[in-house]
Amino acid sequence: MTENPNDIEQAEERVPRRVIGTPPPGDEASALGAPVSTREPIKHEGVTYPDPDKARKAERIVALLFVVSFLAAVAFVASYVVFQVGTIDRTATSNLALGSSLTVALLSLAAGIVVWVRQIMPKYNLVQERHPMVSATDVRESVNDTFLQGANESGFVKYKLLRRTLLLAAAPLGLLPLVLLKDLGPLPGTSLRHTVWSKGRRLMVEGTKQPIRAADFNSPGGILSVVPEGHEEDLNALAKATLILIKFRPEELKPGTNINWTHDGIVAYSKICTHVGCPAALYEQTTHHILCPCHQSTFDAADGAKVIFGPAARPLPQLPIAVDGEGYLIAQSDFNVPVGPSFWERGDAEAEVRGKA
Amino acid sequence: MSLDSTPKAIAGPANFVDERIGAGNFLKRNLRKVFPDHWSFLLGEIALYSFVILLLTGTFLTFFFKPSMGEVVYNGSYEPLVGVRMSEAYASSLNISFDIRGGLLIRQIHHWAALLFVAGMMVHMLRVFFTGAYRKPRELNWIIGVLLLTLALLEGLTGYSLPDDLLSGAGLRITEGVAMSIPLVGTYITFFLFGGEYPGHDVISRFYSIHILLIPGILLALISAHLILMWVQKHTQMPGKGRTEQNVVGAPFYPSFMAKSGAYFLFTFGVLALLGTFAQINPIWLFGPYTPADISAGSQPDFYMGFLEGALRLMPAWEINFLGHTLALSVLIPALVPMGIIMTGLALYPFAEQWITGDRSEHHVADRPRNNPHRTSIGLAAIAFYGILWLLGANDWISAKFHISLYTTTVVGRWAIFIGPAIAYFVTYRICIGLQRGDQEVLHHGVESGVIKRLPNGEYIEVHVPPAEDIAAHVLGKKRIPAIEAAPDGEGIPPKGARGPLGRLRARLSQTYSADTDAISLDGHHDGADGHHADGHHAVNGAAPHAGVGAGADKESTRSIGH
Amino acid sequence: MNSITARRRHPLARYAVLILALSLLGVVYALAAPVGDRADAAIASGKADDVAAGKDLFAAHCASCHGLNGEGSYSSGGGSGPSLVGVGAAAVDFQVSSGRMPYADPGPQAPRKRLPEWVNQDSIRQLAAYVQSLGGGPTKPSLESVDPSKGDPAKGGELFRANCIQCHNFVGSGGGLTYGKYAPPLNPATPTQIYEAMITGPQAMPVFNDTTITPDEKRDMIAYIVSVRQQTDPGGSGLGRIGPVTEGLVAWIVGISLLALAAIWITAKKRQVNHD
C-alpha cells in the first residue's frame, strides 16, 4: 500500500530552488548489496540544500558537541573509578560526578545530532498517498468465501455433539488458573474481628518497648503510640493492634468516651483509621482532635473519638484499659468491635454491641 | 564527497539478511516512509523512550534488589539507620543507594523515568484528543493508549511499593483499605493479595513479579501494537498547504526522521539523567523502614496517583450498613468513580463522537483545537476535574504552606469538583470561538504589516497584508463538524436516527456539537469587505474539501461576524 | 475589632493591643501590685534577683494577656491568654527564645518570628525564673542533656518515627493541622527548644513527659533530628524534602517542559533567508 513513489513537494515560493542528488525512491535496494556503479544524481526540485559554507560551520559545531560528548563519557568512566561510595557525602559526590558527566554526554550528543539534521541535511517535504484502510471488495469477498469454506470443511457446524463437547471441554480449562490462585492466602474467617489484645496484656511504648506505669503518664495533653506486649515488632499484629494513648484531665472527657474503659483520664483508641487504615496519629492537645494524615479524617478524642470531619464513617474503637498490680497499664479485653477500615462482612458492629448492652 | 556505492560493511550483512528474510521489500517501502513534522507529534516519544530507559535501569536495579520481607538488621553505609530492623527489600534498596557506585543515580533515573513515562503519556494523549487524532481509523490505537495509561498507573503503584519504606507502606495500606471495601469479595481479594492478614510476608515479592514481569510484558506488547498501528495507518498531519485526507506530507524516515528521533531519545535520557543528578527523588533513607504503626505528615503517592488520593480526601463520610453487611461508599466511590469516569470516558469518546456527529469517514488531517470547540471544552473540563482532584491530593501541604484552613481546602474542593469543570468548559468554549474569529479576521483583513500609510484625504491607516501562504493554509484547514440529519422531511416525519427519546437526544447533541463552527466562516463572503482581503485562499482550500455531511449546518454558513 | 472578636474563643488568638499601651499599663500595675508569695521558693534557690527582674519583664510584656500574676485572663475584646502557673521555665524559654511569645497578631497559631529587642539570654532567664516561681513545672534542660553528639541517632530515629513524624514529617519539614494550625518545620529549632517542646507541649502539640519518654531517649531523638537536617542530600536538591508533591511538580515543570522545548527545537521550521 505504500509502494507508490514518493513525491517531493514543491517548496514554498520564497525558498530558493536547488537541485541535489537525492536518490530516487526504490533505489534503496542498492543498500542490500547490489554493487552500484557511478550514476547520475537524480534531480528533484523543491529541495533546499544548506549553503556549503554554513554547512561547514555547522559541521564544526556538531564535531565540537560530539567531542564534548566523548569526553563526558570518558569522565563518567573516570568518575566511576575515582569516586567511591560508602558514606552519605561520598555517595553525593559520586552521584554528582556520574550523573553530570552522563547528562553532558547525552545532551551534547543529542544537540549535535539536531544541529546535524537542521544545518547539514537537506530540507524537503515528501508526499505519500494515503489509501483507505478498508480492503478492496473482492478481497473481502474472497476472505469471506475462504472462511465459509473452511468452516464447512471443519464440520464444526454440522457435528453438533462435537461442537458442544468442545465448548464443554474449554470451559473448565479457562477456570483452572483461577483455582490455582486459591493458595495465595488463607480465607479471612473472623480474623479481621480480633486483635492480639487480651485481658492483662500490657501496653508498651512504641520504640522503647517499655511498659507504661499509669502514674508516670501523668501530663495532661500527653500522647503515646502504644504496641501490645509480646508483639512489639510483629507487623501483622501491629497493623490492627496499635493504639494511641491519650492523657486527659478527667473533667475534659465527654459522654462519648466509655469512662469504665479509662484509667485516671488515660484513654486508649485504636490508631488504625476507620477509613482506609492509615495510622491516625496527629493529636492536637488543645482541641483534642485526632487527625489522620492520609485523608484528614478527624476524630474527637475527648468524645469517644467520634468523627467530626473527613471521609471516615466510624469512630476509632476504644480499648478497655486498667492497671495491673504493679501499676502498669493493661488491656481489660480485646476491642469489642473490629478495628480499621470497613469491609463487606463487618456490618454495624457498634449497633450490635449497643444492642447487647 | 559522496558515496557512490554501499560500503561492504553494510552491504554484506544486508545481503545476508535479505537472502534469508527478504528484508529488501520491507525496506523499499519503509525507508522513505513519511513522517509529518510537528513538535507535538514527538510528545508520545517521551513516554516511549522513558519506557526504554525504565527497562534498562530497571534491569540494573533487579541485579541488586532483594524482593523479600524477611527481617534483617541494617549494617550498611547509611549511619542513621545502622542497627535498625527492617525488611530485606528496604535494606537492599538502601544498599543500591549507598553502597553501589551509580546505584543511586540509576535508582533516581528509574523513578524520574516513571514519572515522565506517565506524564509523557498524558501530554501525548491530550495532543491526540485535542486534535481529534483518535478518530476513524485510529480508535483502536486510542483504546490501546487508554489501556497503556491504566497499566502504567498499576505499574507505578507496584513499583513504588517495592522499597518497603514508610512512605510506600502508607500507599500499600491505602491499597489494602480500598481493596477491602469492595463488596462481597473485598476481604478475600485482600487476603489473597497479601497472603493473609496485612501486611503479611508476601506482598513485596508478589508485587515484584507483577512489576518486573507481568505488567512490563503486557506494556511491551501493547506498545509494539501501538507503534505498528501508527506505522500502518501513517501519522496524522496538521492542516496546511497541500495536506489532504488522501496524502501525508513530511520528512522521510531515513535519514532525517531517524536522526531526529534518535536525538529525541538522547534528549529524553539526558533530561532524565539531569533530574537524576540534580533533583533527589524518593529519598527512602529519610523515610525509614515500614511499620503499620507509623505514618508521616504529607504522605502522598507519586503524582499520577494524586487524583485518587484527592478523591479519597474530598469524600464525605458515607457508609451504608444493611443485613450485617457494610458498603463503604466513602472509600468505594472515590477509588472507583473518578478513575472510571476518566478512563471509560476516554475509551468511549471516539465512539460517542461518531454517534453524535454521524461521521463515519476517515480522518487524517488533525483538527486545530479551536475548530472543534465542544470537544476542546470537554477536554478542558476533564482536565479541570482531574486537576482539582490532583490538587486536593496535596491539600495538607496547601494548608500548611499557604496557611489556609485544612477543612476549607476540602470543602472548597467538594464544590470545585462540580463547578470547576463547568467553568473550564464555558471559558474554553468562549476562547475557542474567539480564536476562530481571530482566524477569520486574519483571512479577511490580512495581518498588520506595521506599515502606516497616509491616504490622500489625510487619513492614516495601517496596511494589512495577506497572511503568509502556509499560515493561511493552516488556518483554512478548518472543517465543518458534521451533524446527523435531524430535520423532519416533507411529511413532518423525522429521519430514522432522530426518532424516539434517544434519537431526539442524539439529534440535539448533534446540533449542539456542530453549532457555531460554521458561524465563523473562513471561505464564505464577508460583508464588510474593505479591500484588504487576503487572496488565494480559495484555491488552497480546494485541496481540503469539506466533509459536507448534515443538514443543520447549512443554514448559517454565510453568517459573518460584525466588526 | 470584629475579626478579633470573632476569634476570641481561641485561647492563643487574643493578643492585639499596642505594645506601648501594654508596657505603660504593665508598669503601672507592677508598681501597684502586691509582692507575690510564690516567689519564696525561688528566693530560697538563690535566684531572687532573676525572679524580681523577671516579674518586671513579665508585667511589661506578658501580663496583659496572661494576667498580672500569670493566672491567665479571658477578655472578650481580645488579649487574653492561658494561665502560666505550672508551665515551668522550659515553656517560657521555648516560647520566648523562638519568638512565638509575645504574640503579636491574632491568628490560629503563634508563629516563630524575629526576637524583639528586649529578648536576650538574660531576659529570658529572668522571665523563666519568675514563671517557674509561680508554680513549678518543667525546667530548662541542661546543655548536656540536649547534646546531639551524645545521643544515638538510629535509636532516636525509631522514636522520632513513632512519635513525631505524623505531624512534623519524615525529616521535620512540618505539616498542616486543622483550622489553619500547622506543625512547624523543625529546622530552625535548637536542640534545647526541641527538648522543651517535647516536655511542655506548646500550643496544639501534645506532651511527651520524661517519665514515659526518658531524657536519654529525647536526646536520641534530638541526635536524629540534627543529624538528618544537617545531612547532605546525596541525590541532588532535596526539593524541600516534602516527598512526592514537589517531585511531581518538577517532573512536569522541568521534565516535560524541557522535553517540549527540545521537541520544538528539533521540528522548528527555519524561515529560509534567500542568499541568491
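By written order: A, B and C. Residues from 1 in each chain.
One rule holds in what follows: a residue touches a chain if its C-beta (ideal position, glycine included) is under 8 Å from a C-beta of that chain, and two chains touch if they have at least 3 such contacts.
Please read these numbers as outputs of a predicted model, since none were measured by experiment.
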Higher-contact pair (C-beta pairs counted), A-C versus A-B: A-B
Centre-most chain, if every chain is reduced to its averaged C-alpha atoms: A
Distance between the centres, which are taken as Cα means, of chain C and chain B, whole angstrom: 44
Chain A and chain C: spacing of chain centres that average the CA atoms, whole Å: 36
Distance from chain B to chain A - Cα centre to Cα centre, in angstrom: 17
Of all residues in chain C, the ones touching two or more other chains: 158, 161-162, 166-167, 175, 177-179, 183, 231, 233-236, 262, 266, 268
Junction residues of chain B, two or more chains touched: 79, 97-98, 104, 108, 260, 263-264, 267, 271, 274, 276-278, 291, 293-299, 395-396, 406-407
Junction residues of chain A - those touching two or more other chains: 88, 91, 95-96, 99, 110, 114, 117, 206, 225, 279, 281-282, 293, 309
Chain C-touching residues of chain B, taken from the complex the two chains share: 37-43, 46, 79-84, 97-98, 104, 108, 112, 115-116, 119-120, 123, 166-167, 260, 263-264, 267-268, 271-272, 274-283, 286-288, 291, 293-303, 306, 394-400, 403-407
Residue ranges of chain A touching chain C (in the complex, touch as defined): 14-16, 48, 51, 88-89, 91-92, 95-96, 99, 110, 114, 117-118, 123, 205-208, 212-213, 216-225, 246-247, 279, 281-287, 289, 291, 293, 298, 309
Chain A residues touching chain B - in the complex, by the definition given at the top: 2-3, 6, 9, 12-13, 21, 25-26, 28-33, 35-39, 80, 83-88, 91, 94-96, 98-100, 102-103, 106-107, 109-111, 113-114, 116-117, 121, 124-130, 132-133, 181, 184-188, 191-192, 206, 225, 227, 233, 235-236, 238-240, 242, 271-272, 275-279, 281-282, 292-297, 307, 309-314, 340-348, 351
Chain C residues touching chain A - in the complex, by the definition given at the top: 11-12, 158-159, 161-163, 166-167, 175, 177-179, 181, 183, 201, 203-209, 211-214, 217, 231-236, 262, 265-266, 268, 270, 272, 274-276
Interface residues, chain C side, partner chain B - complex: 108, 153-155, 157-158, 161-162, 165-171, 173-180, 182-183, 224, 227-228, 231, 233-239, 241-245, 247-252, 254-256, 258-260, 262-264, 266-269
